[in-house]
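Next up: some structures, all given as structure tokens.
Below, chain A partners chain B and then partners chain C, in two separate complexes.
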Partner chain A sequence: MDPLFLALSCFRRRKFDRCIKICTELLSKNPYDQAVWSLKTRALTEQVWVDECDGEEEGLADVLMDDNTIASVARPGTSLRTAPPSSAGGPSQTFRPSTQSGRPLSGVVRPGSQGGRPGTMDQALRTPRTAQTARPVSATSGRHVRLGTASMIQVGEGPFINLARLNVAKYAAQQNIAKALFEYIYFHENDVRHALDLAAQATQVLEFKDWWWKVQLGRCYYRLGLFRDAEKQFKSALKLQDNINTYLLLGRVYIRLDQPMAALEVYREGLDKFPGEVTLLTAMARIYEGLHDLPKAVKYYRDVLHYDATHVEAIACTATTHFYSDQPEVALRFYRRLLQMGIYNCEIFNNLGLCCFYAQQYDMTLTCFERALSLATDRSIADVWYNLGHVALGIGDINLAYQCFRLALVSDNDHGESYNNLGVLEYRRGNLETARAFFMTAANLSPHMFQPHYNHAKLAHKVGDLQTSFIIVQKALALFPEHVDSKELLKTLETHFHTL
Partner chain B sequence: MADNERWLTAHHDPLAALYTFSSCMALADLHGDGEAKLIIADLGTGAYNMKLKVYKGTNLMSENTLIDLPTGVITFHMDTTEPRVPAVAVASGSYIYIYKNLRPYFKFTLPTLEVNPAEFDAWGQARDDLLDVSMLYEILDSLRQEVGECGLTTRSQRFLMCPDHTSQTAFLDQHKGFILKRQTVVTCVSTLKKSHSEDDAISCLVLGTESANIFILDPEAFTILNSMSLPSVPVFLSVTGLYDVEYRIIVACRNGQIYTLKRGTKIGRPTAELTSQPVGLIRRDKTVIVATMDHHLHSFNNKGKRLWCIKLPGAVLCLECLELRTLSLTLVALALADNRVLIYRDKHLVDTIHTEDRVSAMRFGRFGREDNTLVLVLKGGGLVVKILKRTARFDIQDADGPSQGQVVKLNIPKKTKLFVDQTMRERENCVLMHRVFQHDLYRLRLSTARSYVQALETSSNPISLSQTEPLKLSAQVLGLGPTFKLRVELQNTSPSCPSLHLAVIFHCDDRVYSVNKSYIQIPILVPGIIHVAETLLTCVSELGISDTVRVFVVKGKSSRPLLTAVINMPVAEVFMAA
Partner chain C sequence: MAEAPSSPMNPVAETPESHVNGMTTTLPPGSAIKTKTRPRKAPELQTVERRNWLIHLHYVRKEFDVCKQLIREQLEETRGMCEYANYVQGLILRQEGKIQESFELFQLCNILNPSSVENIKQMARALFLLGKHRLAVEAYLQAEMKLDKPDWELHHNLGVCYMHLKDHEGAREQLLYALEQNKHHQTFASLAKIYLLENDIPSAINTYRAAIEYFPENAELHTTLGLLFMQIGKYQQAFEHLGTTLTFDPTNTRAILAAGSMMQSHQDFDVALTKYRVAAQSIPESPPLWNNIAMCFFGKKKYVAAISCLKRANYLAPFDWKILYNLGLVHLTMQQYTSAFHFLSAAVNLRPTKGHIFMLLAIALTYLDDEENARQAYEQAVSLEARDPSVCLNYAIFLKNHDDKEGALRMINEFEVRMVKFRQSTGADLDAEVIENGAKLAMLLGVDGSAFHKKSSHTRLRADDEANQEPVQPANEPPCNSPPPNEDEEITANDNLPEASTILPLEHSIDPAETENLDNKMKESELLATSHMHLMDEEPVMPSGEFLEEGNKNKLEEDLF
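Our next item is the complex of A and B:
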């Protein structure tokens, strides 16, 4: 068989290693064979290719040292960074737990849904960093090196293309190999500067009439943090050619500029051109979720499900919303659907178990949790134990609940929720000093939770330490201004203070 | 905004750095030139740097240093000389300092109180070295139990505050030679016209003291004309009438009662009882207006009958009476903790002034050549002067409509059909479901207990609740890497018994991390106090991978750790290859 044909076949069957091997052999015979050379470039690129539209996450440095945001004090509902509006609709903070950024918990873990944007340097350095988080802390640049590049994979005989000696102008003129070369530089070598150089020259050669190069230019600018330049390139590319990917990229630019409304507008335009496009709908739903507008987010997720009934993120997010709005039986349906689709992991069984328990399907509850425990990884087992603790509390077995919360702490010693619940159990047992220590730890570990503050204030009030109680209940109210019990406590304390 | 319609901001100095209260501000024409000056007794830092400041227009005209914290400033005419220039009286400690033409003129000292004989004897014996320091301390301490802290002299109070033996000895040596006096301090000060009611007639000073007395001072000879007593310490005074004819003094006291004193009475008559501590008292016409700490504004008549009471939207900081002679109106200004000044006409809100900070002191009156001026001192030290426009009117808008309907629909979640179906299933198979659940529950209890015991045996818990060593451990990672800081917080959660001989050990793969201090000795752990142990940890791996670090807490030479925490380290920042 013709080795080039074989290599092409391997490439199509995504057997990149074999394809590269064949290409290398061919190239050693004839180093000037452009077809083989370009095939090898593509194979190398494909090996490490990452979908940038989805997998992007802002590193700590990007978030903190960001000077692209326009309004430092944005009006409510126009920024992804502001605190949750108290009357945003949907279930309140009492029922739906929030993430560290004070955002309601999403149905799926995706980049950015966990940490959110920290307010201060101190918070940023502290909160996401306690033991078990997957959150990257480094800058995007460092992240990309890890995410999808071959820079660190050891190659026997040196690099395939020596970028420093590359004649960019020559290759920019040869359109047939320039695109492959660009992707190689961008994804495989992760050398944005060279990629930008190549894209700039190539688009010049084509007299600024090729949308593909414009998009690539925009990507390079985006990666370099030049969001306004990227925006210009994407917009100009959209004038030449409507493309879903371009809309998505432009939306990302606006998100990075913290202009969610503009991003929504872009997606909406995209939807006009490509009605029912799932990726655009999902992106919109995510933004609404970020803006705490859960009813709208769910509406878009439902639209997604209308077009793509197997969309995992949409199913999971809809299920979560149902669960927290007191319809566990509906959530159960959705999670069962996920299970049927072949998702078989600890989290899904954990959620199924919880849904069964709250929907009063007791015969299935504990089986699901057992399955979840057996499938659990180190990272998720703490949550399973924590939920089991809740089930135990629900059936009134305090001892079992206590053991479960302790076990949650064994596998994750930063589990603030468990500390809080343990504190409540200790409080009921009468060990006030221990309970106090637990509440303080919980508040320390999870600064986004109002519960430990409230519990601590309640405890302090009970032992007669009104001053401490007053100070702490105000912290709880700062986190959750609508919390009725905290308000009542504050009122009681105030009456204490000004009665004679 | 409403305040812009009625008030002009004449002067705004956010950096005036004033720390004062309404009682320490006065407006008066100090030089007889027809221009009223603003006199402020500044509390400085609260400990030193107290000043008597006089503003002429927007400029600081003079500054006199005060020796002690001022409690009140008042201007009054003490003689009939021409030109008619008022004197300034500053109440501070147990003295009244009188300034004329802004020069010190006279110092009045409050009469001393009777010293407790036992206390007097004790100090006398201490002076003659018949008593040593510890015995004196014991006598005074038992005396304090008997008569209370206020019954002692300030010297005894200070002596009892000395923390240790040496400082007590030093204090005794320094002070034993002087005669023992018990003095009281002025809490509030006001004026009372002597025999004529003109604006520039001679006035007496009325003082309230910490010894629960009211003194009326003669303005020329500075002798006590009249002394009256109250059941509690007076905090706010309101005086009307003439000393020689008939007068009435209304006093708000620290026990939350309002008392009335008239000519000829020696003891205050209880007039009204408040529900909370008073924060300000104003008399207008025939009513008394009192703001209290529980966010209420009360109005009483002279007999003590409550006329009305309104709930305010926030805590009141100070209260001032706005007397508008041109409109023949008397309004009440209330500074609230939410950066607003509300102006009430009777019980109707007629105006609101918004400020950028809380208002700590207010004074209304003639300032410069402008009759209706409101001077505000902000909490942050700023000074704001607002002039009332001559066109301003304070009409009562009848906006009090009927209260809104209280019919709020309860949000009862709907149950889905699915739920009903599942309930049916539950009803049909109840026995089976219960059995399965119980069976599973037993198994779960067993497996949980097993894991729990295993966790206890391996001490892999970050908290220990054993009787001997109840400890709690929490660990944090700080920093971006490659160098991290590991922060371990240890807390003893036992109610009373301290922990000894503890140490923290960090354990990790030495190919990935290098630990700066892998063994940290922990000092004695006092219950309740959080002890922090920190170490630096450097990622030495070239691959940029992350690993776990274990933290053990061990006691003495025991081979089994008390506590263990596993820290999943974050990925260290990897710099891009150039």
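Our next item is the complex of A and C:
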């Protein structure tokens, strides 16, 4: 069989290793065979290719030294970084917990949906860095690091292409191999600068009439942090050719510039051209979620489900919303759907268990939690125990609840919610000092929760330590300005202080 | 009174001196006339109080920033000797919540001017705010010794401190004394609170009545009085006072809840719901509110809505047995006996001393065909609930249905005894349905049940739960029983009694519904703390991990070529 044909066949069947091997052999015989060379570049690229237009996590440096945002003090509802507007629809913070970023808990874990944006350096270094991971300290996101490493594992005789000695201008003129080469440089070598060089020259050669090169230029600019340049390239590419991916990338640029409204506009344009495109709908839903506009987010997720009934993120987010708006039965159906689709992990069983419990399907509850426990990883087991603690509370078994919260702490000693609940239980037992210690720990560990602050303030007020109470209840109100009980507590304290 | 600090205490001699010295050096020598006049001017002699008026002006306008600036200048000038500046600084710091610092400043004032009672009073107040009640009492007593004429404020504060120290006798004495000097609504309120702590509701009511004579437009006083009247079952008066509150303050949530619950007990569900709608605007996270709304729906036979609301209430207040009790009740009505059992057993776990829960539990167990446990639950219910006749009746029915005629007879007699007692103590009659069922059962058992009917003009008084009554007829058919629509709804109204947590031990109240009101309240106070935690619980609802991957999986191949 013709080895080139075999290599192509392997490439199509995604057997890249074999393909590369055959190509290397062929190239050693004839180093100037462009077809083989190009095929090998593509095979090498395919091995490490990732879809970039989705789920990007910003590193610590990006977040903290961010000078790309347009408005430092954005109006409410126009930024992904400000506090939620008080009038936002959907369940309040009392019902639906928020993540560390202050956004409402979402149905899926996405990059950035958990950690969120720390306000200060101190917080950034402390909060997300739990016992499990010290990740946020790294500046570039993990994926890009991984990309770069691919070029290091070299077999045999040095790198496949020596970028430093590459005659960029020559290859830019050869359109048949330039694209493959670009992808190789961009993904496999992770050398954005060379890639940019190639793309710039190639687009020149083609007299700025090729949309593909413009998109690639935009991607390079984006990676280099030149968002305005990237925006220009994407926009000009869109003039030549409508492409979903370009819309998505342009949207990302706006998100990085903290202009969610502009991003929504872009997605909407994209939807005009590509009605019912799931990725665009999902992106819109995510932005609405980030803007605390949950009803709208759910609307878009529902649209997604209309076009793609197996969209995991949409199903999970809709289920979560139903759960937190007092419809555990409906949520249960969505989670069951996920289970039917073959998702089989700790989280799904945990959620099923909770839904069963709140929908009073008691026979299933404990079975689900048992499964969840057996499937749990180190990261999630604390949450499962924590939820079991709530189930125990729900059946009135305080001792069991206490033990569950303890177990949650055993597996994750940074679990602020468990500390808070233990505090409440201690408070009920009358151990005010212990309770106070628990609340303080909880407030330290999870600065995004208002509950420990409020509880601590309430406790301090009860024992008559009004000063502490005053200071702490203000913290609670800063986290959740609409909390009625905190406001009332603050009011009584103020009257105390104002009377002569 | 504070703004007139006495200057004699300030060592005037030192402060101005430096200025004088400084100026003398700068002056050209030889201007003899001027040197003569200068000491006479000595304007710095008055500097200590020079700008007190300005500080005061800014302070009373709440212009704290300007005020602080002025104070700083003033204190620099006087080297911290200006008493008034320190005093106002202390007041400002207190309003900013920095009690400890303000306490230190008042101490300084006291050193500067030990004769001023005002300073000692402020020190005492700071101590009180810091929670050091015993020290505060000492300070107040010290202030009292220095005073020649009595001061109501001082006695009021003393009383409050004593109350915190659990010395009710002393507190009452002081508060009464304060009232003699001056009528103040806070004093009345504190006094009433002490009566409540001592479980003396009539005295508390009298106190509030007296207070309302002096302050007829104080919504707070009216509300509390209304709630107290509700507690002792004088609904008419309670309603009047709550109505007054609502005229003065239409959004007073406590009054709305209380008034709503009374309307509920008069089966006026739609009106009550409108009231609750107002309240829901301001307190959307209040468990009692949701509970009451749920029981309105229950009364209107909208069971699903009721369950939904109760679930929300339970979510907010997981430790509130009353909500669980109501959940159990609604589920019994819906004939979902297992669910009912779960909620009731949770309620029992949280509150093992309440007979009514055991009764409902027994009913649920009966339907679940667990005769043995049902019997035990009934036994427990009868022993724990010594007043309510319906418990005995339900047990009697149960025994009858399980062919224990003797036991049934015993219970029906007990029922009769309790009913008579009930009539005597409340002057009202039981629910007509209960009496009817009692009579039927008595007939079946061959006892003379006519006595039950003595005055069956149904004054509506809720008989708790006859959920199970119907089955008297040998055929034990569940569907026919329609449990009384509203027994528990009132539960919550009172959640707001101030500090009710200790008001009444549950057994004291006469009317079952009442009790619930009460300790519901008590629950509230703890619950607040707890409810929140519950929310979190679902937090982990996060299908994490792999979903993420799903999102990122390579989907756009077109990107390549």
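Just so it is clear, the second predicted complex is superposed on the first by the 475 of 500 C-alpha atoms of A that agree within 3 Å, B and C clash if a C-alpha of one lies under 4 Å from a C-alpha of the other, contacts with A are read in each partner's own complex, and residues count from 1 in each chain.
Please note the rule applied: contacts are C-beta pairs under 8 Å (C-beta built on N, C-alpha and C of every residue); 3 or more make two chains touch, one makes a residue touch a chain.
Nothing here was measured: the structure is a model prediction, and the numbers come from that model.
> Looking at A:Arg333 after the superposition, I want to know if it touches chain B, chain C, both of them or none. Which is it: first, second, both, neither?
In the superposition, A:Arg333 touches chain B alone.
> So, does A:Lys458 touch the first partner chain B, the second partner chain C, both, or neither?
It touches chain C, and chain B stays clear.
> Per the contact definition in the header, classify A:Gln233: touching chain B only (first), chain C only (second), both, or neither.
neither
> Looking at the overlay, what does A:His498 touch: chain B (first), chain C (second), both, or neither?
Touch status of A:His498: both partners.
> Count the residues of chain A touched by chain B and by chain C, then name the partner with the higher count.
Residues of chain A touched, chain B against chain C: more for C.
> Of the two partner chains, chain B (first) and chain C (second), which one does A:Tyr362 touch, if any: first, second, both, or neither?
Both partners, chain B and chain C.
> Report for A:Asn413: first if it touches chain B alone, second if chain C alone, otherwise both or neither.
It touches chain B, and chain C stays clear.
> Who does A:Gln201 touch here: chain B (first), chain C (second), both, or neither?
neither
> Going by the contact rule set out at the top, does A:Leu400 touch chain B (first), chain C (second), both, or neither?
A:Leu400: touches chain B, not chain C.
> Using the superposition on chain A as set up above, list the residues of chain A that contact both chain B and chain C.
326, 360, 362, 379, 395, 397, 494, 497-498, 500
> Inside the complex, what are the residues of chain A that reach chain B?
So the residues of chain A touching chain B come out as 60-61, 125-126, 129-133, 135-139, 141-142, 145-146, 151-152, 190, 325-327, 329-330, 333, 359-363, 365-367, 369-370, 373, 378-379, 388, 395, 397, 400, 403-404, 406-407, 409-411, 413-414, 422, 433-434, 437-438, 441, 444-445, 494-495, 497-500.
> For the complex, give me every residue of chain B touching chain A.
For this pair, the touching residues of chain B are 255-256, 274-277, 292-294, 413, 416, 418-419, 422-423, 425-426, 429, 432-434, 436-437, 440-441, 443-445, 447-449, 451-452, 455, 460-463, 465, 470, 472-481, 489, 491, 493-495, 527-528, 543-544, 565-568, 570-577.
> Taking the complex as given, what residues does chain A use to touch chain C?
Chain A residues touching chain C: 49-51, 53-55, 92-97, 105-111, 179, 183, 243-245, 279, 312-313, 316, 320, 323-324, 326, 338, 343, 345, 347-348, 350-351, 354, 358, 360, 362, 377, 379-380, 383-384, 386-387, 389-390, 393-398, 417, 420-421, 424, 427-428, 449-451, 454-455, 458-459, 463-467, 470-471, 474, 483-485, 493-494, 496-498, 500.
> Would you mind writing out the residues of chain C in touch with chain A in their complex?
So the residues of chain C touching chain A come out as 2, 91, 94-95, 97-100, 122, 125, 128-131, 133, 164, 282-286, 308, 311-312, 314-316, 318-319, 324, 336, 338-339, 342, 345-350, 526, 528-548, 550-556, 558-561.
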